[in-house]
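Look at the two complexes coming up: chain A is in both, with chain B in one and chain C in the other.
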Partner chain A sequence: MSWSVFAPEIIVFAVALIALLIELDRDVKRPWLGYVIGMGFIGALVADAVLLGAGVTETAFNGGYRIDALAAAFKAILLAASALVAIATARVSIAGAKRGEFYLLLSLSVLGATMMASAGDLLVLFLSLELTVLPSYALVALKRDGRSTEAALKYFLLGMVASAIFIYGASLTFGLTGSISFTDIAASLSRTGMSPALVIGIITLLAGLGFKIAAVPFHFWAPDVYEGADVPVASYLAVGPKAGGFAAIIRLFVVALGPAATTWAPLFAIIAVGSMLVGNLAALSQTTVRRLLGYSSIAHTGYLLVGLAVVSGYARTSLIFYFLVYSAAVLGAFLIVLAAAPTVGESIEGFAGLSKRAPGLSFAMAVFLFSLVGLPPLAGFIGKFYLFSSAVRGGMVWLAVVGVVNSVISFGYYSNIIRQMYLVKPVASSEVSVPWPLKATIYFLVAAIAVIGIYPSAILTMLNL
Partner chain B sequence: MTYAWLIPALPAASFIILLFLGKRFGKWSHFVSVGAILSAFAISSFILYQVIGGRGSEVLIPWLSIGELDLNVGILIDRLTAVMLMVVTSVASLVQIYSVGYMKEDRRYHWYFACLSLFTAAMLMLVLSANYVQMYASWELVGLCSYLLIGFWFEKKAAADAAKKAFVTTRIGDVGFLLGLVVLYYAVGNLDVGSVLAARLAPAVATAASLLLFLGAMGKSAQFPLHVWLPDAMEGPTPVSALIHAATMVAAGVYLVARSYPIFAASGVAMDVVAGIGAVTALMAATIALVQRDIKRILAYSTISQLGLMMIGLGVGAYSAAVFHLTTHAFFKALLFLGAGSVIHSAHTQDIFEMGGLAKKMKGTAFTFAVGGLALAGFPGLSGFWSKEGILTAAFVKGAYPVFAAALLTSLLTAFYVGRLYFVVFTGSMRKNMQAKVHESPLAMVAPLAVLAFPAGLVGLIGSPLFGNAFQGFLRLGESGEHVNLMVMGLSIAVALAGLGFAWIKYSTGLLPSGLIKTSNPFFLLLKNKYYLDEIYTRGLVAPVVGGSRALFSFDSGVVDGAVNGTAWLTSKAGDLVRRAQRGQIQDYGLVMVLGIIVLIFWMLTFARL
Partner chain C sequence: MGLEYYLALSAIFFGIGLYGALTRRNAVAVLLSIEIMLNGATLNLVSFSRFTPAKSTGQVFTLFIMAVAAAEVAVGLALVFALYRAAKTVDVDEIDMLRG
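Up next is the complex of A and B:
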C-alpha cells in the first residue's frame, strides 16, 4: 500500500488546515480565499482522476478502506462540486460568518464525504458519516439568524436520531454476522442466509444512510435546511453529503449485503417510489425557489434509488451517471438563487420577468431546470433514459413508468419558474449584478450539461456503461 | 485528415460567439463569421489538394448507445466530399462578404450573420457526415436555418409564411428520409455511411430505401411535387437566396442522392423514378419561368429546373456529370442571385418590366450578370454548357429518349428565359423614375460578383473534353468514360443559340409585335399561375388537414384537456396533502421516521423473500 492512493483525502485535509490557519487571522479581507480553497479541491480532483484513470484498486487498514472505481467516481463528482462551490462563493458575502469558518467547515465535511465513499467496514462508515454531518450542522447554523438556527437544530436532532438508528443496525449486523468488514459480512451472509433479525438490521442501516440522501420517510429535514441555511451552504448540502451517502449505500448493500439482494431490492423500490411521489407532489405547491429545490432533490433521490432497486451493474452505473448530471443541474440552480436572491428575493414570484433583467442567468436557470425535468438534448435526459431503461431491462417496467409519470409531474413546478422568468412582466427593472466567479461557475455548469447531453459517451465510456 | 472537423466547427463557433456576444460586436459581426468561413475555405482547399493526391479518410467515434443501437459520428472524406466542401465554402464566403454591403442597414445585423454561420456549419457537417443519423441531424439543422433565414424579416407576413411553407414542405420529404434510414438500419444493422454503401442490398430493399431517401431529396432539392416552397423562399434577404439556391439547402438533396448513389444504382426502378421526376421538374419549372415577372422568382424557377436536370443526370447514371452540374450551377446561380440582389438594391423593385436599360448605370453588375446568364443558358464554351452537355449525352447514350427530349427542351426554354431576363432588365431604355436612383452597388457587393464571374464562366472547363474531362475522371463511379457525341453537342449549341436569339428578337429589337401572346391565353394563365399547384395544395391538402385539425382540436380541448386539467387538479390537491404533513414540528418528524422504519420492517418480514 502506498500513501499516494490517499492523495485526494490528504489534499482535502490540507485545504481544511489552510482554511483553519487563515481563520485565525481575523482582520484581513480575503476575497482570494475562495480561489485557494477551490484550487485545493481541484488538486484533489486531479489526484482522484489519476487514480480513476489508472484503475487503482486497493484495500487499506485491514479492509476498512477501499480505493476503487466506485469510490473514485463519487469522489470526483463531490470534489468537482465542492470546487465549484468554493470558487462561486469567492466574492459573495457569506452572511454572519467569517469566510474562513465557512471554508473550514466545508472542507471538513467534504473530507468526511470522500472517506464515506471509500469506507470498507461499518465502523469507518459510521465515523466518516459523522465527519460529514457534524460540520454541516454547524454550516447550517452559520447564518446565525432565527431560521438558520431552527433549521440547524432540526437537522442536528434528526441527524442524531438517524445516527443512533444506524449504530443500532450496525450492532445488529455485527452481532449476527460476526464482523464489521463488508467482505466478511458478505461471506458470512452467503453461508447462513437471511434471518428476520438481519432484516431489521438492514432496514435500520438504511434508515441511517437514507437520512443523508433525504429519502422518504427520512427526508423531513431537507426542505427546512435548504431554505434556512445560507445559500452557499445549501448548494453544497444538495450535493456533498448525498454523494457520500449514495457511495456508502452502494458499497454497503452491493458488497456487504450483496448475497441478500433479492431481499433488499424491493425495499429500495418502495423508498424510490415514495421519495419521487412525496418530493414531486410537495414541490408543486411551494412558493419559494429554495424550498421547491429542496423537495425536488427528495424526488431526485427517488429517481436515483431506481438504480438500486434494479440489481445490475448497468443500473448502478446509470445511478452514478445520473448523480453526476443531477449534481450539475441542482448545484447550478442553487447558484442561480445565490446570484439572483440579493436583487429579486427567493420567492418564485420574484423571478418574474427575470429574462428581461438578467437574460444570461435566466437562460442558465432554464437549462438547469429543463435538465432536471429530463428534456433532450440536455444531460438530464440521457441520465433518466439510462436509469429508466435499466428498470425496463431488469423487468421492472412499472418502476420506469412511475419514474416517467413523476418526471411529468415535476415539469409542472419547474416550468412554473421558467414561465415566471420568461412570460411574466418584471416587477422592477434594476439590473442583477453578479460577481464574475459566480457567473463563470454558472456558465461552466451550463456548458457541462449541454456537452454531456450532446456527447454522453465522453462520460459513459469512463464509467463503462 | 482529422483536422477536417474544423471546417464545420469554425462557422459553428462563429454562430455561438455571435449568438452570445453579437450585440457587442454589432456592426463588426461580419468579421467573426467571414473570418470563420474563409478559414474553413482554406482548410477545404487543402483537403481537396490532399484528396487529389489520393488520400481520403473515414473517422468514426462512438457517440451514443441506446439499447442495441450504437450510433457513431464521424467525418468521411472522399472525392465527393472534397468537391462539395469547395463548393459550399467558396460560395458561402462570397455570399457573406457580399452580405456585408447588402445587409448594412439591418437592425439584426449580428443575428443575420449568426444564422448564416449556423446554416453553413450545418451544410458542411452534412457533407462531412460519416453516419446517416449524423447526416439526418445536419439535414434538419439546415432546414431549421432555412426557416430562420427565409423568415429573417418576419415582420413581413409573406416572409413568415414563406418560412413556414419551406419548413413544412421539406419536412414532408424528411419523413421519407427518416423512414429510408429505418429501412437501411434493418437491412444493414448500422447506419455508418461506409458500411451502408458497401452492403449488398436485396433489390426490393434497395428500391424501398432509395425511393424513401429520394423523397427526402425531393423536399430539400425542390423536386416536383415538393418544389412549391422554393419560389416563396425568395422572401428572404437576397444573399440568403443565393446561398440556399447555390450551395447549401438545395444542393443537400442532390448530395444525398449522390452520396447514396450505390443504393440507387442497385435498383432500376429507383433510377427511373429519379430521372422521371427530374425530367418533369425540369420542364415544368422552365415553362413557369417563361412568364414570371419577378427577377428572383425567375431565378428560383430556373434553380428548380436545373435541379431537375441534375436529377436526370443521376437517374440516367451520369453520376459525375450530375455532380459536375451541381458545381457549375452553384457558381453561376450564386452569381446571378447576387447580381439580382445588386439590381434590386439599386432599383428597389423586383418586377423586371419596371426596369430596363440598367446596363448603362450598372456596368459591372450587367457584365457579370451576362456571364452568369450565358453560363446558365448553356452558351458554348461556358460552364453550364459543358456540364449540361454531359447529362444530355448520358441520357441520349442510355436511350432514355423521352428524358433526353425533356432535357433538351428545357435547355431551349432556359436559354429563352435567360435572354428575356437579361434583355428586359439591362437593355432598352430606362424608365424615368429609375434614372435618379439607379447606381452601381458598393464595392463589397460588386467585388464578390467579379470574383464569382471567373468560376461561374470558366469552372466548366475542367470538366470539358478540352481538359480530358478531368472533373468527371476525378469523381467517376462505375461509369464508362465520357464520349463526345457530336450530334448531341450540336443540338445543344443550336437550342442555346436559338433560345437566346429568339429572346433577343422578342425583347430587344422590337421586331415582333407586342401582344403576340394574349394574356388571356389559357396556356399563359396556366403557366402564370404555376400550374395552379399552390391552389391545388391549399384546397386539396391544407384545407382538409386544417378541417381535421379543427375537429380534433375540439375533441382535444373538450375531452383531453378536461382529463389533463382534472389530473393536474388532483395532483395539486395531493400535493397540498403532502405539504400539510410537513408542519415543522420536529417531534412529528422523528415520529414519522420511526413509524416509517417500523412499517418497513413489518412489510419486509411479511412479504419479502428472505
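Up next is the complex of A and C:
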C-alpha cells in the first residue's frame, strides 16, 4: 500500500487547512479564496480520476478503508460538485459569515463524504458520516438568522437521532456477526444465516443512512434545510452528503449484508416508492423554488433507490450514472436560484417573465428542469432509462411503472416554473446581473448535461454499463 | 450474569432515549434523550465485546462514540444558544418559521 492512493483525501484536507489559516487573517477581503479552494478540489478530482483510470483497488488499515472503482466514482462526482460550488460562490456574498469559515466547513464536510465513499468497516463509516454531517449543521446555521438557525436545529436533532439509531444497528450487527469489517460480516452472515435480531440491526442501519440521503420516512429535514440555509450551502447539501450516503449504502448493503439481500431489497423498494410519491406530491403545492427543489430531491432519492431495490450490478451502475446526472441538474438549479434570488426573490411567481430579463439563465434553468424530469435528449432521460430498464430486467416491472408515472407527475411542477419564465409577463424589467464565475459554472453544467445526454457512452464505458 | 441482561438493559436505554427524543419539546431535553440512546448502543458494544471471544473492538468503538458525542453536543448547544438569541425560546414546537 502506498500513500499516493490517499491523494484525494490528503489534498481536500490541505484545502481545509488553507481555508482555516487564511481565515485567521481577519482583515483581508479574500475574493480570490473561492478560486483557490475550487482549484484545490479540482486537484483532488484529478488525483481521483487518475486512480479511477488506473483501476486501483487497495484495502488499507486492516480492511477499514477501501480504494476502488465504486469509491472513486462517487468521489469524482462529489469533488466535481464541490469545486463548482466553490468557484460559483467566489464572488457571491456569503450571508452573515466570513468567507473562510464557509470554505473551511465546506471542505471538512467534503473530506468526510470522500471518506464515507471509501469506508470499509462500521467504525470508519460512523466516523466519516459524523465528519460529513457535523460541519454541515454549522454550515446551515451560518447565516445566523432565525430561519437558518431553526433549519439547522431541526437538521441537527433529526440527524443525531438518526446517528444514534445507526450506532445501535451497528452494535447489533457487530454483536451478532462478531466483526465490524464489511468482508468479515459478509463471511459470518453466509455461514450463520439470518436471525430476528439481525433484521432489527439491518433496519436500524438503513434508518441511520436513510436520513443522510433524505429518504422517506427520514426526509423531514430536507425541505426546511434547503429553504432555510444560505443558497450556496443548500446547493452543496443537495449533492455532497448524498454522494457519501449512497456510496456508503451500496458498500454496506451489497458488500457486508449481501447474503441478506432478500431481507433488505424489499425494504429499499418500499422506501423508493414512498420517497417518489411523497416528494413529488408535496412538491406540487410548493410556492418557493427552493422548497420545491427540496421535495424534488426527496423524489430523486426515490428514483435512485430503485438501483438498490433491484439487486444487480447493472442496477447499481445505473444508480451511479443517474446520481451524476441528478447532481449536475440539481446543482445547476440551485445555482440559478443563487444567481436570480437577489433580483427576483425565491418564490415561483418571482420567476415570471425571467426569459425577457435573463434569457441565458432561463434557458439554463429549463435545461436543468427538463433533465430532472427526464426528457430526451438531455442526460436525465438516459439516466432514468437505464435505471428503469434495470428494474424491468430484474423482474420488477411494477417499480419501473411507478417510476415513470412519478416522472409524469413531476413534470407538473417543473413545467410550472418554466411556464412562469417563458409565458407569463414580467413584473419588473430590471436586468439580472450575475457575477461571471457563477455564470460560467451554470453554463458549464448546461454543457455537461447536453453532452452526457447526446453522447452518454463516454461516461457509460467508464462505468462499464 | 449473562449477556441477555446487558442487552435487555441497553434496549431499555435505547427505547427510553428514543421515546424522549420524539416526545420532549425542550431542545436540551431532546439532546439529553439522544445521549441516552447513545448509551444504549455503547453498552451493547461493550457487553458484546466482553462476552464474545472477540477482541476489544467494542471497547474501542465506544471510545470513538464518546468522543464524537462530545463534539456533537458542542455543536448542538451552540445551535440552541443561537436559536434562543433569535427566537427567545428553546421549545422545538414553538419555532415554525419554515412551513410547507
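Quick notes on this one:
Keep this in mind: the second predicted complex is superposed on the first by the 465 of 465 C-alpha atoms of A that agree within 3 Å, B and C clash if a C-alpha of one lies under 4 Å from a C-alpha of the other, contacts with A are read in each partner's own complex, and residues count from 1 in each chain.
Everything that follows uses one rule, which is that a contact is a pair of C-beta atoms (placed from the backbone, for glycine too) under 8 Å apart; a residue touches a chain by one contact, two chains touch by 3 or more.
Small disclaimer: the values here were computed from a predicted structure and weren't measured.
With both structures placed on the common chain, the touch criterion links A:F156 to chain C but leaves chain B unconnected. Legend: residue contacts after superposition of the two complexes on their common chain; A:E227 is shown touching chain C, with no touch to chain B. Of the two partner chains, chain C is the only one that A:R144 touches; chain B does not reach it.
In the superposition on chain A, contact of A:L123 is made with chain C only, not with chain B.
Using the contact criterion defined above for the overlaid structures, shared-chain residue A:G313 touches neither chain B nor chain C, since it reaches no partner.
Shared-chain residue A:P342: touches no atom of chain B or chain C.
When the two structures are aligned on the shared chain, A:S171 is found in touch with chain C, with no touch to chain B. Using the contact criterion defined above for the overlaid structures, shared-chain residue A:S179 touches chain C, although it does not reach chain B. With the contact threshold set out at the top, residues 153-154, 157, 161, 165, 223-224, 285-286 of chain A are in contact with chain B in one structure and with chain C in the other.
The residues of chain C lying in touch with chain A in their complex are 7, 10, 14, 17-18, 21-22, 27, 30-31, 34, 37-38, 40-42, 44-45, 48, 52, 54, 57-58, 60-61, 64-65, 68, 71-72, 75-76, 78-80, 82-83, 86-87, 92, 95-98, 100. Chain A meets chain C in the complex at residues 122-123, 126-127, 130, 134, 137-138, 141, 144-147, 149-154, 156-157, 160-161, 163-165, 167-168, 170-172, 174-175, 178-180, 223-224, 227-228, 285-288, 291. On the side of chain A, the complex with chain B involves touching residues 153-154, 157-158, 161-162, 165, 193-196, 199-200, 203-204, 207, 211, 216-218, 220-221, 223-224, 262-263, 266-267, 270, 277-278, 281-286, 382, 385, 389, 409, 412, 455-457, 460-461. Those residues of chain B lying in contact with chain A across their complex are 61-67, 568, 571-572, 574-579, 582, 584, 586, 589-590, 592-597, 600-601, 603-605, 607-610.
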